[in-house]
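Shared between the two complexes below is chain A, which has chain B as its partner in the first and chain C in the second.
Now for the complex of A and B:
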């Protein structure tokens, strides 16, 4: 024993040998090495014993009666399946062709007769090492497969939950949105959300979290909740952005953030408001002229800056009905070819220029990416929104079965919002919530919000800030208008907007009177109302909308005070 | 990819140079580059002269370094970025947080 290589672990070894003398000799050597021995006198016996006893290693004579060693080796290897059962051929054959035949039949090694106990022991040990290695590899492969299966299961579950949250908006229902996202884009960190505001504007968010997989999906959940919650309540982009940024800053680790473009498309105002933090340039496509205005990233991504340092300033661009906004994720531009060259913005511009049918833009881009790379990346997100005339204001579903017994029906309230507040606070969501306490107004929530929003922005922009809506007659003036708005608002240190609400019961139900006053210089009401309602005019849109949606509108105090009325009938 | 770091003789300046791709694969090496120094330097330099590519997780690592170096008060300079890398930094507007040249 001392002269032999040490045995790692006792094995069960099958000896298939037709010569009884050789069988005895080999059995003795191997037993002495500490292994358990099984014996067979021909190939058929060897296969049978293997099937029942599953020895870990086989010593196989090549030439035997009934069934030779080659055939027996083939059958044993088949029975063994994926596990490695080393077969060492015992042979007095000398021709290389015969030796090669041993290996071809599935043999792992051969041992020439007469037997050398030292070589035999070493070969058994070497084969045992291989056998263990194979067993470990198989075990780890199965483990990985199980983990992978588990992971896929978790991702499917997470995606199902996420889809409920993320797709609760209008992304799949709105007729004017087209998008393309890989099915598991969520786990690439890409996020696409869309929802209507109470007045029928559409908010859209295309986001891209750093990192992939579950962490990105986890960050996306609160973002979607804030987006939908605040959009539905009538908050504007800036408040929604501030809330999203603060929330992500609070919950995400330092090295995680979310690049995002947020849009507010308004058919009423024929405009799109944009905030881009860290996303590639999207475009506003003017269909009439073919011009594409880039929506450049002006900000750090969401979740990087503290609330105090966060910059919520947006840009506003005019849009005609039928114009489109196109957004994309960096997966499009960063698609690399075989030489690590990136697709890039210049090639995207070429696709735009070559595009003849606007409805086939996505297909054109996909084709260009495929031609560039040969296969698409799995984190490509694109979305295109067309400005359509405003959808009908939705009738809010009754929130309570209660027919209004607990509804406040006789009250009034007045607010005065002064310069410091006007600068950075939007009182509309709060006022809307307050008015919706009156059950009779709930059905008209959308119209109510639209009218309030129009009157408030008229009071602020034309009244307090003294901006001239005539500026908005063309695209250039439009941009100038919003630049002036931001400048004057930033410098504002006096002025006010007052809002008076009066709710009173009537025989049939009730009436709500809303009066909005401003500190501006007023305007010539008769002249303004005499202007023709021009459907494609960028400016002066508000008043006709207000008159259309409320029961009565009247101005006083030289245009500085406007009063509207909403009536309702008692609920059955 | 490789990350090398070097402290100036007076111990006031730590320079971290990234060669090749600056992406998630460099995460541990990049953190080690500034966390293993006991003494806190006044200035951090991230040298991207030999950086060929940078992704959003690299931007995250720069934020980690900034946080480590004192957040708002940190002095982190990003040097020698090539045009591709500079594009990435520009889209993210990281020049508002870092001194980039």
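Now for the complex of A and C:
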């Protein structure tokens, strides 16, 4: 009888028993087993002692005066809350109904009378194991809850930081962008950016990083920086893409990359330029005909290929004012129903076909997704951009550290860009930065950039490459024009574009003269200028734009040389 | 049925468990039981009260090895539920049985105390 099971740890045990002899007997047995004992003679005492002393285990007689063991057990279980306080009923009850009553009241086990100390010790140990298990479960649950709370807090903080970066663009300010993104889509790797170029074109990026959580979100920061920085400086899609690809390739681990669609919407050129690497097909929606042209993925995602293997070739599609571009993330297409069926492109097409009000397209898609699966996903991103007439020109000005005293006012510079350079270098951002050193030109930065861009692309495309702008009259010719442009540029091995800049002070302020020359065959200036101005034209040399934005325009050398002038007044 | 009043095995187990507290346990039982017998008498024909007291008394006498007393208490507990037969006669029997075992417990308590003092 002395061979009792070893005690794990001394417990405080409450004995509620109305018979003094039984109470003494039990107390002695349990104390001998190494535990601390509290005693109560009835249910009311038992509840009171429990409330004050919080014993870890209770031995409870069923039938007691004042308050019986059933009621006392109920009250003690309520006081104990989530912690498991095992209650062992001391009973000579034999009827199954009475035993069931003990369990209903919250009893965990029975100890029959007369008492057997060995069985009692074994039961106490078994109950103690249960109690510890429950305590561990609660502790771990609370730990998980704390970690989860911590994670959410970190995500909120990270999102706040990221929103500051993302909102430096025009995603929320532009009147022609509508988008829908689940609030924490960033942590599923979805990324949506938009910004104006100096000439008023709009660049839009919808990206989807592999993976999810913070690792997926972390690549978004450098990508956004490159996107905003290069767009503001006037870099085109190809240079921006190359830089983004190189940066992601450098910083991301091999199994991480970013599927992305990058757009340049130009109201001036009535066109959208597209590069899609691994994203689902978006669409250009021609409102007049209802036709939807898919923007097919033709490339590997960003961050996969080395700079040498990276393909930056883009496609250009014509757009009329009011036409829309729609992009989506794979969360839309990969939404699965209860049977793991995917929503898929065919169902999306049905939604497009059924859509009667273009402004309600997102709602229609959301409804279709909800009807399909019945529950929300956190990685659904959609964006729709409408081509509106160009916004007022302005430069997204970088901060200038100088006071204006050091502004250069009397200088000139000439460049000659030759075939190998023309193939893949865009000198415009560099030229713009140089010219913006002249404080008087900063206010006109947008106009300056637009005019330079127009003159440079005229010199390159119509001059050096000899492309016929008449091709761009219809959509088919439009595509052909850009195909030819890429082909001829790839084969180019002679020719040049020269840029001469002359800055001179005047009494009131200063003038900047910009001359652009090309090695092409020139054109009939008088005939071109005599053409009526067609606002919705696809073709033409953008000459009306140039004339509208600069102080004076003149051609010489049979159209091979064009000269524009910008003037400014002295700053107050 | 041979009538066992005290189970010597139970008592020797108790002595081993209780050690120096053994006489106190026996004294407590005697005192406790006297109160219960008095309570049974006082309850008169109240079957429910009789049943409840008999249940508790059954438990403690069982624990203390008073086999016959525990059996009589169990009988009273059962009869009290049916409330048919003459419960008074059973109370008499319990009273009688306790009167019989009480000196046996007193004697053992005294012996144990003396043994300890020596």
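Just so it is clear, the second predicted complex is superposed on the first by the 559 of 572 C-alpha atoms of A that agree within 3 Å, B and C clash if a C-alpha of one lies under 4 Å from a C-alpha of the other, contacts with A are read in each partner's own complex, and residues count from 1 in each chain.
Just so we're on the same page, a contact is a pair of C-beta atoms (placed from the backbone, for glycine too) under 8 Å apart; a residue touches a chain by one contact, two chains touch by 3 or more.
On a predicted model such as this, the values are computed, not experimentally measured, just so you know.
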Specify the outcome, clash or fit, for chain B and chain C once both structures are aligned onto chain A. fit
Applying the document's definition of touch, where does A:259 land relative to chain B and chain C: first, second, both, or neither? first
Now for A:239: first (chain B), second (chain C), both, or neither, which partner does it touch? neither
Partner chain(s) touched by A:279 [first = chain B, second = chain C, both, neither]: first
Taking CA centres, what is the chain B/chain A/chain C angle in steps of 10 degrees? 80
Would you check which partner chain A:299 touches, where first means chain B only, second means chain C only, and both and neither mean what they say? first
Quote the smallest CA-to-CA distance from chain B to chain C in the superposed model, rounded to whole Å. 58
For chain A, which residues lie in the overlap of the chain B contacts and the chain C contacts? none
Interfacial residue positions of chain A with respect to chain B in the complex: 208, 210-211, 254-257, 259, 277-280, 297-301, 304, 306, 309, 330, 340, 342
Once bound in the complex, which stretches of chain C touch chain A? 10, 13-14, 16-18, 21, 24-25, 28-29, 31-33, 52, 55-56, 58-60, 62-65
The residues of chain B that touch chain A in their complex are 24, 53, 56-57, 59-61, 63-64, 67, 72, 84, 90-94, 96-97
Chain A residues touching chain C in their complex are 1-2, 18-22, 24-25, 28-29, 32, 61, 63, 90, 92, 113-115, 117
